[in-house]
Amino acid sequence: MDRLLGIDRRIIFIFVAAAITIPLIIRFELPVPATKDVKGIYDKINSLPDDSHILISFDYDPASKEELQPMAIALLHHCFRKNVKVIGMTLNPGGSGLADKAITEAGEEYNKKYKEDYVFLGYKTGVELVMINMGENIYSAFPNDFNGNPTADLPVLKGVQSLHDFDYVIDLASGSSIEAWIAFAKEKYKFDLGAGCTAVISPDMYPFLQSDQLNGLMSGLKGAAEYETLINRKSSAVAGMSPQSAVHVLVVLFILFGNTLYFLSGRKK
Amino acid sequence: MIKNREVSITTWILVAFCIINIFFLVTGKLGFDAKGLGIITAVAFTLAMYSFLYKDNPVFKIAENLFVGVAMGYWIIITWFNILKPDVFETLIVPFFNDTGNAPQYIVIIPTLLGIFMLLRFSTKLSWLSRWSFAFVVGLGAGITIPNFIHAFILKQLSFDLLITSNILDNINTFLILLGVVSVLIYFFFSMEHKGVIGGVSKIGVWYLMIAFGASFGFTVMARMSLLIGRIQFLVRDWLGLIQ
Amino acid sequence: MNKILLTFILSILVLHNTSTAFAVGGNKLVPPSDFQAFDTPNDDGRSISLRWPSSPSESTEVEYVVYVSIRKSGPFNTEVLRINSNTMYKEGSDSNFHYVEIKPELFFNKESVVTGGKPDYFFKLFMMSDIENVAIKNIASATPKGNWFNWKKLNNFIILIAFSTLVLLFIEHAKKNPNLYLRKISGLDAIDEALGRATEMGKPVLFVHGLNGMGSISTIAAVNILGKIAIRVAEYDTTLKVSNIDPIVLSVSQEVIKESYLEAGRPDAYVEDNVFMAASEQFPYVAAVSGIMLREKPAANFFMGYFYAESLILAETGAATGAIQIAATDSYTQLPFFITTCDYTLIGEELYAASAYLSREPLLLGSLRAQDIGKGIIIAVLVLGAVLATFGIDFISLILKAG
Amino acid sequence: MNFFKRTIPLIIAFVMGVLMAFQYYVPHEASQSLLKIVTRWGITIAGFAVFIGVYSLFHLHWNKIKRKLPGWGYSIFVFFGAGITVAFGLYNGGEFFWNDKQQGTMFDWMYFNVQVPAGATMFSILAFFMASAAYRTFRARTSEATILLVAAVIVMLGRVPVGTLLWESLPPIADWIMSVPNMAAKRGILIGVSIGAIATSLKIIFGIERAYLGGGD
């Protein structure tokens, strides 16, 4: 029995790789019903009239790309379909390239014009300082966009003076930026805030959902898959749900198996 | 002996990697351009990182150190183009030397100086000047934190839902939430011994904490698996082209 | 802003009219009996509040429109508001009053507004349906003024003052009386037990620092605990190895341990090389520390400070070598992994409490006590508030309403 | 000299802290302008922090190379990676760094084909270790750990599509765990941590907590 427990961990690694690769290649689809929290964001964007302004803060970097980039793309597709004006920004230097790519590619797909229908403001550091400065005056925080264009005469920002003027703000976060957005921006400048985050931090967000400080939450790849289902544009996140299911079952089996052996062997260390 | 085996494993993997890529390039599956070569580079880095799973090895270490360097380089350049250039260079320095139609904004001198002072932290003689900058930023942060936290994380988080309504299920949940918040707070209460009622409630607090940590545990497993799924999608789809 | 708002409103109007053009028939509109304008309280001096009582002829087909002018005589041709007549009721007025806040300066060019001081603004309210428009007779006027205190935030301000006083008081108190009571942290007993076992087995003890530098409270707390562990280790004559990732934490740890050995009367037993930089990057750190665990098989592992994703691999490797493991971290996302792989885990603030308990530093003790009182008040308020609210008394929720 | 090294920073922190805390309660335009200016300055100052990161990293690896510490050879790659990225960034596709940032340059190529894949892969390695830990070490040693593992298993299965297939009630139970016990505990933690953060901020403002000033007086 000890030998069974003491197998080389590399054998377990092979199991994991197989549990993910095989369902990806075979491709079987599982239903991904949307939860209430993801629907909160979807419904909010759906309710926005044409030419509303939506701010998306891409506060993640490549380390969380696989969870948050599909989410960002699904969200952008929904916004552009709804003819909403999209303003992007980031508080994470490593995220600027990913954000720029997502926003530009989605915009081009819907024949939207940069500077008129969407803009990427780029990166600023200082987290809560940036938020408060944007809350007072967005042109003060971002005098130029990512490509160096002065923001003061951007048509896409017409009618927006500060954070309060945005019809909706969404934070896509891999760190503690959602808390900062709540404390220093949403509560201070009063606007609707939704969030998408890595699954690691999403359990910590539930108090804010209950207190309505967040009106919706997408957690991890599953959240992205739900959003893809809602906008009917199934892509990499939905495709990822079958391997996700398979590997979860594998991990649960490992836990059960390991604990059974542990109890059978008299709980010795 | 083991070392020899590992050297030969590495060599074989490298050879296989080269053959696959040459095959893709020759058949035109990957273009001999920035995109095709980019995918090959990205795959090389992905696989180099995964080699850590076999054991810590030079390939992993080289890839990791390169990654750290590139990430730092990216941070420097992005900070230049997004912060220092628009906020300092173009508002203060360019108008000072060239007539751009805008007068230099001399007020920017203050934060610029404080920013430069901050870098003096590494000097032995002038490091005390860096304390002025840190004091400014840290004091500012502390000042704005207090009232905003009281508002958003304390007052807003205190909910006084009715414990008795017509919906029994709601009542139970409301009670469980109240019990949970209170018992967890009591668990982190250090001025009283955990005995008697306090001890009992703090024990309940531990259960709540454990359920919450279980939830975080499940979600963290989910997160890491999602990252792996994303990478395998990249390898199987973008590189090998096995799926669409 | 103006234009967009207008086109937006127009578009709604057009849509709206096509469907309801024939809905209203012949009913005369009864305008509201009153219309008031006043400076919005608790604001920065840009907005004016308008208030008027509801009218019986309100419906989805009827709109309220407000025009503004900077002269009492008009012309009133700048539209500042157009709403459905059965929306925007004043909160808590049971739909008896309408209430809106308007920032009039947004509707005027800077030049047209009289310079020097804030001008008076004049407002005219109309009730409009497809068939008729009625104006409310009186023209309301007000001047926006900036206010120097936001009374809605009074509760917040009182909390700030009260809590500051508490913190300062208790730190002073703890300076005079360092024996302030603090409950025993159960994980601390386990430390002695683990050190005893290491001594019996003649194997080293490994202390693993988290990833954060000296600026983080968790690291400071970890160093405090390390100092106490080092005293015991010196007394027991065991080997203590300390792995670091930050050079400053490294030198601080070396100092602290040297002092502890001196305090235990065994300065000769201190070996500087046992406190070392394991690596400078996250994953190499994992690899290096895991390597030490596998090679030297320490009898006890301590993980203290702030950890990130590496916690899992470290604790797993340690568990596999059969060491007693004790973790202490305030990194909540990593706690689940420590709890399932370690024998004892100090959760969150228990780390600070443990460091205060061991070091008896007034700064830590005092602020911990002040925080406890804060928590105590919140617990009392939560329980009392819920009970009172159940009986229909919402006094507590009113005074604690976030403004 | 002590006045400049010690007193002035404490005064700055105190004045800034008190000013900004009180500013929150003052809605007047003057107070808003102050907030705007001060946060604007803060952003600019924070921008310089990149150089602190640069210095720490390079200093560390430079020391490794200089002292020929074990594994010093790998440190060269840090300089190499940073060097070419910065060079491409400054070259800016032929426009050089004093012009606006160009799209699709070698700098972007480096980002998308080195930093993105390596960064994204880094933490996915943990997926493997998590599975192996599940097999070898996640044990229900105590009643606490048992509760934790049971909750984890329910959530893990309930949050993926396969959960419904295994048992229909699994997803609702998982949702209940998330929004009732998990929510309550996380709210308790949040309130406790916020009180701690407020206390730390107060100690900084009153000059009791000085760790941020760095060592040496």
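The first chain written gets the first letter, and so on, giving A, B, C and D; residue counts start at 1 in each chain.
Everything that follows uses one rule, which is that a contact is a pair of C-beta atoms (placed from the backbone, for glycine too) under 8 Å apart; a residue touches a chain by one contact, two chains touch by 3 or more.
Keep in mind it's a predicted model, so treat the numbers as computed, not measured.
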item	value
Furthest chain, CA centroid comparison against chain B	C
Interchain centroid distance [CA atoms averaged], chain A/chain B, Å	13
Centre distance in Å when chain C and chain D are each reduced to the mean of their C-alpha atoms	16
Interchain centroid distance [CA atoms averaged], chain A/chain C, Å	21
Inter-centroid spacing, chain D versus chain B (mean Cα positions, whole Å)	5
Junction residues of chain B - those touching two or more other chains	52-53, 61, 64-65, 68, 71, 74-75, 79, 81, 83, 85, 87, 140-141, 144-154, 156-157, 177-178, 181-182, 185, 188, 209-210, 212-217, 219-222, 225, 227-228, 230-231
Residues of chain C whose C-beta touches two or more other chains	153, 156-157, 160, 283-284, 332-333, 336-337, 339-340, 348-349, 375, 378, 402
Per-residue multi-chain contacts in chain D, two or more chains	21, 24-25, 32, 39-40, 42-43, 46-47, 49-50, 71, 100-101, 111-112, 115-120, 122-130, 132, 134, 136-139, 141, 144-145, 148-149, 152-153, 156, 159-160, 178, 182-183, 186-187, 189-192, 195, 198, 200, 202, 212
Pairwise touch network: line, ring, star, complete, or other	complete
Chain A-touching residues of chain C, taken from the complex the two chains share	1, 4-5, 8, 11-12, 322, 332-333, 402
In the complex, chain D residues that touch chain B	4-6, 8-10, 12-21, 23-25, 37-55, 57, 59, 71, 74-86, 89-90, 97-98, 100-101, 107, 109-128, 130, 134, 144-145, 147-156, 159-160, 177-178, 180-192, 194-195, 197-198, 200-202, 204-205, 212-214
Of all residues in chain D, those that touch chain C in their complex	21, 24-32, 60-61, 64, 71, 122-123, 125-126, 129-130, 132-133, 136-139, 141, 144-145, 148-149, 152, 189, 191-193, 195-196, 198-200, 202-203, 206, 208-209, 211-212, 215
Footprint of chain A on chain D - complex, ascending	32, 35-36, 39-40, 42-43, 46-47, 49-50, 99-101, 103, 108, 111-112, 115-120, 122-124, 127-132, 134-141, 149, 152-153, 156-157, 159-165, 175, 178-179, 182-183, 186-187, 189-190
Partner chain D, residues of chain A touching it in the complex	5, 9, 12-13, 15-17, 30-32, 35, 61-66, 93-94, 97-98, 101, 124-126, 129-130, 132-133, 136-137, 140-141, 146-149, 203-204, 206-207, 209-210, 222, 241-242, 244-252, 254-259, 262, 267
